[in-house]
Amino acid sequence: MKRKLRLGMVGGGQGAFIGAVHRLAARIDDKYEFVAGCLSSTPEKAKESAKEIGLDLSRSYPDFKTMAEEESKREDGIEVVSIVTPNHMHAIPAIEFLNKNIHVICDKPMTSTMDEAHELMKVIDSSKAHFFLTHNYSGYPVIREMRALVKNGELGKLRIVKGSYLQGWLGSKEEDTGSNKQAEWRTDPKRSGAAGSVGDIGSHTMHLLEFVTGLKCEAVAADLTTFVPGRQLDDDASIMIRMSENVKGNLSISQIATGQENNLTISIYGEKGALHWAQENPNYARLSIVGSADKIITRGGVIQHEDSFGSIRIPPGHPEGYLEGFAQIYSDAADILLDHKNKNKLLELLPNGETGLQIMKFINASVNSSKNNSSWTDLNAI
Amino acid sequence: MKRKLRLGMVGGGQGAFIGAVHRLAARIDDKYEFVAGCLSSTPEKAKESAKEIGLDLSRSYPDFKTMAEEESKREDGIEVVSIVTPNHMHAIPAIEFLNKNIHVICDKPMTSTMDEAHELMKVIDSSKAHFFLTHNYSGYPVIREMRALVKNGELGKLRIVKGSYLQGWLGSKEEDTGSNKQAEWRTDPKRSGAAGSVGDIGSHTMHLLEFVTGLKCEAVAADLTTFVPGRQLDDDASIMIRMSENVKGNLSISQIATGQENNLTISIYGEKGALHWAQENPNYARLSIVGSADKIITRGGVIQHEDSFGSIRIPPGHPEGYLEGFAQIYSDAADILLDHKNKNKLLELLPNGETGLQIMKFINASVNSSKNNSSWTDLNAI
Amino acid sequence: MKRKLRLGMVGGGQGAFIGAVHRLAARIDDKYEFVAGCLSSTPEKAKESAKEIGLDLSRSYPDFKTMAEEESKREDGIEVVSIVTPNHMHAIPAIEFLNKNIHVICDKPMTSTMDEAHELMKVIDSSKAHFFLTHNYSGYPVIREMRALVKNGELGKLRIVKGSYLQGWLGSKEEDTGSNKQAEWRTDPKRSGAAGSVGDIGSHTMHLLEFVTGLKCEAVAADLTTFVPGRQLDDDASIMIRMSENVKGNLSISQIATGQENNLTISIYGEKGALHWAQENPNYARLSIVGSADKIITRGGVIQHEDSFGSIRIPPGHPEGYLEGFAQIYSDAADILLDHKNKNKLLELLPNGETGLQIMKFINASVNSSKNNSSWTDLNAI
Amino acid sequence: MKRKLRLGMVGGGQGAFIGAVHRLAARIDDKYEFVAGCLSSTPEKAKESAKEIGLDLSRSYPDFKTMAEEESKREDGIEVVSIVTPNHMHAIPAIEFLNKNIHVICDKPMTSTMDEAHELMKVIDSSKAHFFLTHNYSGYPVIREMRALVKNGELGKLRIVKGSYLQGWLGSKEEDTGSNKQAEWRTDPKRSGAAGSVGDIGSHTMHLLEFVTGLKCEAVAADLTTFVPGRQLDDDASIMIRMSENVKGNLSISQIATGQENNLTISIYGEKGALHWAQENPNYARLSIVGSADKIITRGGVIQHEDSFGSIRIPPGHPEGYLEGFAQIYSDAADILLDHKNKNKLLELLPNGETGLQIMKFINASVNSSKNNSSWTDLNAI
């Protein structure tokens, strides 16, 4: 008989965006049963949200501490918890659940500060439970195929990587309208951390580049700007990067790029080939090989490595979207937790504590570089 | 407390494609609880499939007749059944469940023959239960937005419609490989009906054109071809069409269009404007208005009519795919069945028996026209 | 020392469009010297136009008959004449110049009526001079590359061809505005012939399909419509086609397709591969081969057959446009006339009298089919 | 009677690329007569090249000094000279001709060194003749339309500019193959100057950004890299930029970007709107305005400012390419020299000595910044 994992959630109540996405993503491949939650830091709202969703109210908790305690006592208690709160509320509940050996699926970035990141990392290292980070774009099948192609050496020795994540939704002072909770916390250093756009979407961009290439970012020279007057955090950044193995590149990150929706793109150039991908039409990539005509990779199409682990739910040409990419992370996490035969391979794919720490270093090195007149800043010095 | 509809399924067992899609689509918006099934016409396989999926085995039935009887007796019996079998097995189970006043969500086309279609229609008309047809592409938010734009008169009096659905997967005799069940039944007149490609994907194309424009196809002049030697049904068709209100146009339908995945496109031209959409990148449409620069409509973007009922799960730029479009049909059906305030509006949107009958006429008129040297054939004469 | 051909022109005076294009195209590769003309049927305007262009006024003629006589007497008389008048004025001057053994480069379609076409064909057959037709789209390098690929068998046995040429500029009654000479003569049966859109742009579409595939159109079933009230000729057409070697397909032709500029596209499908091209971005084609990822052919790129004769003036990625494609026809004509070593190969490429006659049959068969309730009409019966 | 300008050329002999482009561009709009040249620094080759092209051999000169002297003495001597030699041979002949009051149209960048640039600038300032620089991409009609839109304030206060010029042709050591003259001189500091890719194509990118926005680059922080071992100049660069009026941005410049042909793109973001353009499909731009659906600007289409001076030779949808863009610079230069009524407006559009000097500062500041650990470098300090 099919076995589903018992899932809980911290955050994700009424008015939240990403919590609903996590729940939907968890449903898609039907490997979880959502059974408990502390959906809001306001107990009243937590309860109201639980009702709306249809959660058993006896397992809707007023605070995550109680939840961790109570659930860990039950025989049918949650096995996994999703943490979908703003950044400053990632580390504390994650630590709480990990200490109870409950697996954690945490929204990115890992924490709001480097100190929290290091502290959480220690707990991750010592816990028997797993910690996964939803760098969801790495769940797109074509992204995983690109990773397999790079790994197989199809591009030769890598030379340049370029990433760009452009949004326009923060082009004016949305955080003051009183109706945009997303804008409020994402531009608030207390909840978001030291960076705005770089932490929110620069983090995804760098993760994708590292994920696809297997390289690590080593140093950055960054120019962060706050274009909207009165905003507390950066809303735009140009970042020059140096990756391991002498690969170089740059990033364009913006949340004030008028007219842009979620224009995340990456390009990888090697001596023998190149790969290009764009999130807004994510079922395709372009593969250049020196001396050949460019090829179009399609999700589920002809070019497909077994070890790309890009699950295909439906045939090529019928687009899978953002939610299916997100679902992949949940599906893989479930397979790991249920000891699937690919467990070890999947562990290589899923973003974990180490990934989170590295991205935290990238974020904070960028902020420091920008404060220091864009001077080259080593990630290992963070 | 949130109320979910109890859902059963006929068909969709091991090796089937569309059944899994229906279940996934039903999960996405969390308005259904999948509780019973007759997943295969082979009792053994039905049971095996039920196990795999995690269905309560006491509600896995060896045949749909038993299922209809047993479930209609239970207090917690299914309220809705999805019929996801090959075409020739649509009418009989649908009639069975409708007669028990269990709502039916049926895969398209409605039936394999005109006779069955008429018979089923009679039952639909007399049943208290609803009958919905999964012309799933009409669930895409941008398609619904296009419908709203046309309805609002933005294109002026319509003149031309064009549709194209091109696939390449049947370019060789896949039905003889022994490993492609989809190819087997879709090219088999006993299971598929009188048409191959025209019934399978031409049906979707015509439905979309009728859905977006509100027009009806009145006559066709068709040239159906079987390019792959030995195949029993058409695998390619050119069809000239005449719609109501003197609108004209044509269709290109093919399952032997080498290299094509699911290249479904439609264009609508009016005196004042035009609209274009392509299924493989379905979150966008192009809107031309005489005297203006072409505009790009994005899912969830600036151009958005309240009454388009194009549900948006995630912000623009994060693509929703085929499964979300499919899910929309399930979600709307649930809202109708649970008496949502938009019930009447949604009833206009969802493909029903009447829709199914019209599309059956289109399919059979195309076959007849082609047999009759492509002469113009009236749908009402079918 | 480089030798240039002495070129004259009939038509192309003030207010004309295509004459200026021909002159520009002739200049691009610097193989012609423009020395004489009868630029308008109105002698006054002919002179005025000659002045504006900078033509030696002693060689600006009041009528083409005088021009043919005078120029054929001069030792430095024109060797080639471009005929760029409306359709009804193609045959008569062409015959005049051919009879003087002056080569003719004529705008398409060859004539306005079948009778003229047959008459002209006789003269072409008996003249020592060449007759070329500016089906200019066949001058695009990527189109020629596609022709080479088909010829080399890369697509296998062909199955389907599809062509579409969509414009929107005649969406309202432009011919009545008094300021649109192009609209006036192109919608006037006396000057244009029996067809409107089918003659004007359908002709190009069919020529391209025949050019790229090497097939001939054998029969059509057409539905021509005049959507703009009061217009005398068709402004829209759907045409089902049967080509030689059992290839089938269809065409969409429209000059009332709101918002369309010059959206000419072709697709060729064979058993092993397919090719797609769009005129509005003409430096690229898409090549599908069964079992391979789709490839992007670029002008001057990696995939390039020596015998495609697609001259490349500038490196790939720097687009060549419509004028360069047009120039190719002039350049090839010059090479033929100057006995270039590729003369015989180029003669196969350039549209000639035979091409013109075939396209005239296509146009008139389409008109006849449409008048005859879209019944299948054999081109050889025209 | 139409008057054409007498044109000479320095450089552009056999084996050269850009000389042929200049001649073709000068022919397109028929405003020049090519009458004299010193087509190679090797007298023998100069003569041979002259013959091939069909130049009157009496006006084919063995060196540019003689040419300047002889032509300036003739009554029918050249009025304009095109200088199409490698960078190190721009300043000396330009000075020679300017001193004879012969107008100069010079390939970019202006010179190979800052010293030459300053020296040439002095002569330009004191000469009665004009000096134009062929930053040819600014001749594209859509680029000029974008400039007009920005000038009209459609984007509001500007915030960010981004430019990218990616080529792959120098991905391996082409300069050592013995068959690639372009690679040889462009990677040779003696002929090219201090920069490789930044001078060759970064110069175009920065010029376009300044041209479209009316802003000036004030400072750069650059990371230049030579990826191909043994190469003497940079073949890749990431550059962060600060423009006047507090606009920021970045550039990606590469000649080792595997698979890229001439992928030049720019994006301009303001508070109210944004514009995007890509050279490889240059007849279109995308215009975003806050609160509106994105619009597609087409060459010659609906959005068109009279003062954009984007000459349109052929109707929209029929692409104009690189050569037509190039021709625009020649056409405008001719109009200026022949005192066209738009002379003053055109003088604002054409790149001149001042433009050239600014771009030289950009190139050299980038080189200096990169040598200085990517520190911010002020262009005015160069």
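A, B, C and D label the chains in the order they appear, each numbered from 1.
The rule is simple: contacts are C-beta pairs under 8 Å (C-beta built on N, C-alpha and C of every residue); 3 or more make two chains touch, one makes a residue touch a chain.
Nothing here was measured: the structure is a model prediction, and the numbers come from that model.
J.: Can you list every chain in contact with both subunit C and subunit D?
T.: Intersection of subunit C and subunit D contact lists gives A, B.
J.: More C-beta pairs touching across which pair, A-D or B-D?
T.: Comparing A-D with B-D, the pair joined by more C-beta contacts is A-D.
J.: In terms of residue numbering, is the interface formed by subunit A and subunit B classified as same (over half shared) or different (under half shared)?
T.: Copies use mostly the same positions to touch.
J.: Let me check something: if the centre of a chain is the mean of its CA atoms, which chain is farthest from subunit B?
T.: Most distant chain from subunit B: D.
J.: Measure off the straight-line distance from the CA centroid of subunit B to the CA centroid of subunit D, and report it in whole Å.
T.: 55
J.: Any idea how many Å lie between the Cα centroids of subunit A and subunit B?
T.: Centres of subunit A and subunit B (C-alpha means) sit 35 Å apart.
J.: Taking each chain's centre as the mean of its CA atoms, how far is subunit A from subunit D in angstrom?
T.: Roughly 43 Å separates the two chain centres.
J.: For subunit C, which residues are shared contacts with two or more other chains?
T.: Within subunit C, the residues that touch at least two other chains are 260, 294, 298, 301.
J.: Can you tell me which positions in subunit B touch subunit C when the two form their complex?
T.: 155, 159-160, 162, 168, 171-172, 221, 223, 225, 227, 236, 238, 240, 248-250, 252, 254, 256-260, 267, 269-274, 288-290, 294, 373-376
J.: So in the complex, the part of subunit D that touches subunit B is made up of which residues?
T.: By the definition above, subunit D touches subunit B via 286-287, 291-298, 301-303.
J.: Flag every residue of subunit A that touches subunit B in the complex, lowest number first.
T.: The touching residues are 1-4, 17, 20-21, 23-24, 27-30, 51-54, 167, 169, 260-263, 279-283, 298, 301, 313-324.
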